[in-house]
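Across the two complexes that follow, subunit A remains constant while its partner is subunit B and subsequently subunit C.
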Partner chain A sequence: MNEISIAARDVILAFVDDEHLMGQQHTEWIGVAPFLEEDLAFASIGQDELGHAAMLLEALVGTDDADIDALAFYREASQWRSCALVEVTLPEWSDTLLRHWLYDAAEELRWQLFQGSSVQLLADISVRALSEERFHRQHGDALLDVLLRVDDAHDRIMASLHKVLPLALTMFDGAPSEADALVEGVISGSLISLLGDWQQRVDHRFGPVDWDQIVRPVLSQRKERHDDFAPLLARMLEVLDLDRTVTW
Partner chain B sequence: MVLCMSRSWSSIDDFEAFLNNGGIVESDDSMPDEYRLAVFRFIELHANSEQMGGLTERDWIPRTPGLRHKMAVIAKTQDEFGHAHLLYMVAADMRIKTRREMVEDLYAGKSRFHNVFHYRAKTWGHQVAIAFLVDAAALASQQAVFKNCSYGPYRRILKRIISEEGFHMRLGEDRMMRIAQGTEMQREMFQQAIDDWWWPALQLFGPDSKPNDMLLRWHIKSERNEVLRDRWVQKFVPMLQSYGFTIPDPGLRFDDDEDRWVAGPIDWAPLKKTFANVGPDSARRISEASAHWEESAWVRQALAANKTVNELVQA
Partner chain C sequence: MAIFEVFLKKDGRDEFRHVGALDAANDELALVSARECYVRRAEGDLLWVVRRDNILSPEREFTAPNADKPHRHHSGEAVAARRKALREMTKAQPDE
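Our next item is the complex of A and B:
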């Protein structure tokens, strides 16, 4: 295993936490999606995202489940590096579908930053993740292809787009040591460098967005948490916190 | 080119002779109406139970302790919904109800699902007990149907379902062993789960089969309820006791002469309540599922306007 620098750890954790919480949010829809095939799709995509988080965590702490879980779950809120998009609770299906599409459109670009990484393991993981992400994007697109053609559904989707877009911009907030990770060759570009490509994807999918009208989030180098984070983490820790020393 | 011919029988006696000779019925056969309805109801009950079982388990997915542990639990629940998906298609092929009608009847409280899913999983221990005790009971029933099932499409689907349920049972067993070897808190939690789920799991097999049980006569089931129930008792009583857990059956005894465990009297009243959808958690389970279904109606309506996806959703 390559030695992981502090900067590399920082950018990896930002991706770990986004993947972990995105997978977690998807699990909330298993069984209550609009129809059975969607229950299955969200179960599958949720597993993939959690699996990506687990693979990245292995790069940091090795393969032992206890070590992976300690880093995945047992950090103070200020030590998490997730973005607001994956922390927020979205009880509406249209908002969830939009988050799924917007996240995956960026996720593909984010994995590409790891493709030539100086940390070989990250480059290897990105190959597998990118092959899975292709299906995630196809899933979101297939639904939107149909829903955007029907008036009522179109209106709901577009309302959700404008609701979720400000949150989605938090994905491009870089971790504190991102600049160092760039110099070390861990990543081939910053998160903010992906924004233009991602905006083009959004415009192509939904029609031109007046980006100047989208409220820009306050960026904190991923050090601040959305209000929904605390109850989300409490739910994830409900069993673990019965006794953090035991095996389940 | 293969030419498929629909078969028919001149009388119920001819049909039963066909079944007794090991005949397998296919969906395009002109089967007797009584048989078609009996098979359909059986598969619909199975499909509904996979669906409601998935809903029971989903409540605990977000709280699963551990990242890769959570992935395993999601995979299990995905299997359960996948089974429902397959079974609804097999049932819909019998042309009595569409999949949508079956799901809407389920969420309207008009159709049945297995008794165990009228109970709520209240702790992580309950979640493990479901994977361990309930999945084992369901698997035993499914294996008995698969062994000699006369309806071909169901039998073929059961082969896959049984294979996956075997993994679920092993997952439950593995989790049970971790808890059994854990702390006093963990063991108390699981003992409580056994106390809460032992009887519902045992009642899953149903009361003793009637002498004229048509499901047995038509080779849909191959073993009597009491035989399956007893086999489950013989397996799980010694296994749980070997890990130091107790069985919440004051009438349970070991018959030295017969060299087997004998369960105490079974109170069937709780099972009968679930038949009427008035079990301990029936109202919440059905109303929540119904509310989610209603809230997402706009998605299905939009998709219904599209021919290619429409077939998938409407079937």
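Our next item is the complex of A and C:
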């Protein structure tokens, strides 16, 4: 296994935690999405994101379940490296759909940062993840293609876009050691370097956004958590905490 | 929305089998939904998604008359039974 430096661990955790929480959020729509096909699709896509998180966690700690659980679930809140976009609870389906699209539009770019990584395992994982992401984007785009043509749906989606965009900007906040990881060749660019490409994708999909009017979030190098994080983590631990020693 | 029927086939063996149906707004969403709803555990390698409206399905009466034609069943049982009876008859009377 490749030696994982402190800086590499930091940028990997930023991705692990985003994927883990995004997967969790998607799977929470099982049974309550607007129609059956969508709640299955959302949960299935969520499972892909959880799979990506698991692959990255294995790269960090190996395949021991206890070690993976400790890292995936039992860190102090300040040690998590997720962004507010994936921590926030969005009870409205249209907001969730927008989060799905905005997240996946950035996720492809984020995996591309790992493609030529000095950590070979990350480069390998990125190939697999990118092959799956194509279908996540197709799902989001196919839904939006239909909904944006309907007046009422169009208005709701555009309202959701402007509600979710400030949160989405937190995706581009780099982890504390990101600059070192860049020097080490773990990643080929910073998260903030992806912002321009991502904004172009947003403009292309929804029409030009007046980016100056979008409220800039306060960034913390991913060290601070959104208010919705604690209840989200509590839901995630509800079953695991029944008996931490059991093998599922 | 339209109803689509979903069929799956494992590569290189078996035939396409009907696995279920789904609602979708258009062909692309039908394919996307079929992928996520019916193939997410690699249940099949090949996928057919067909609009239910495109399936030709006559009334039940169209096929009903053929339910009562035993003479069209050629399992060979009748012939085998006759040959067996003939063999046993020959055994019982070897000198004739």
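Here, the second predicted complex is superposed on the first by the 241 of 248 C-alpha atoms of A that agree within 3 Å, B and C clash if a C-alpha of one lies under 4 Å from a C-alpha of the other, contacts with A are read in each partner's own complex, and residues count from 1 in each chain.
Everything below uses one rule, namely that a residue touches a chain if its C-beta (ideal position, glycine included) is under 8 Å from a C-beta of that chain, and two chains touch if they have at least 3 such contacts.
Quick caveat: nothing in here was measured; it's all calculated off a predicted structure.
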| item | value |
| --- | --- |
| Clash-or-fit label for the pair subunit B, subunit C on subunit A | clash |
| Touched partner set for A:Val146, first subunit B, second subunit C, both or neither | both |
| First, second, both or neither for A:Thr27, with subunit B first and subunit C second | first |
| First, second, both or neither for A:Ala53, with subunit B first and subunit C second | first |
| Which of subunit B and subunit C A:Arg216 touches, first, second, both or neither | neither |
| Most subunit A residues touched (candidates subunit B, subunit C) | B |
| Partner chain(s) touched by A:Gln138 [first = subunit B, second = subunit C, both, neither] | second |
| Touched partner set for A:Ser44, first subunit B, second subunit C, both or neither | both |
| Which of subunit B and subunit C A:Phe35 touches, first, second, both or neither | both |
| Doubly contacted subunit A residues - partners subunit C and subunit B | 35-37, 40, 44, 47, 142, 146 |
| Touch list for subunit B against partner subunit A, complex | 51, 54-55, 58, 61-71, 74-75, 77-78, 81-82, 84-85, 88, 99, 103, 124, 175, 178-179, 182-183, 185-186, 289, 292, 295-303, 305-306, 309, 312-313 |
| Touching residues on subunit C, where the partner in the complex is subunit A | 22-26, 28-29, 32-33, 35-37, 40 |
| Footprint of subunit B on subunit A - complex, ascending | 20, 24, 27-28, 30-37, 39-40, 43-44, 46-47, 50-51, 53-54, 57, 65, 68-69, 72-73, 93, 142, 146-147, 149-150, 152-153, 156, 235-236, 238-240, 242-243, 246-248 |
| Subunit C partner contacts - residues on subunit A that touch it in the complex | 35-38, 40-41, 44-45, 47, 135, 138-139, 142-143, 145-146 |
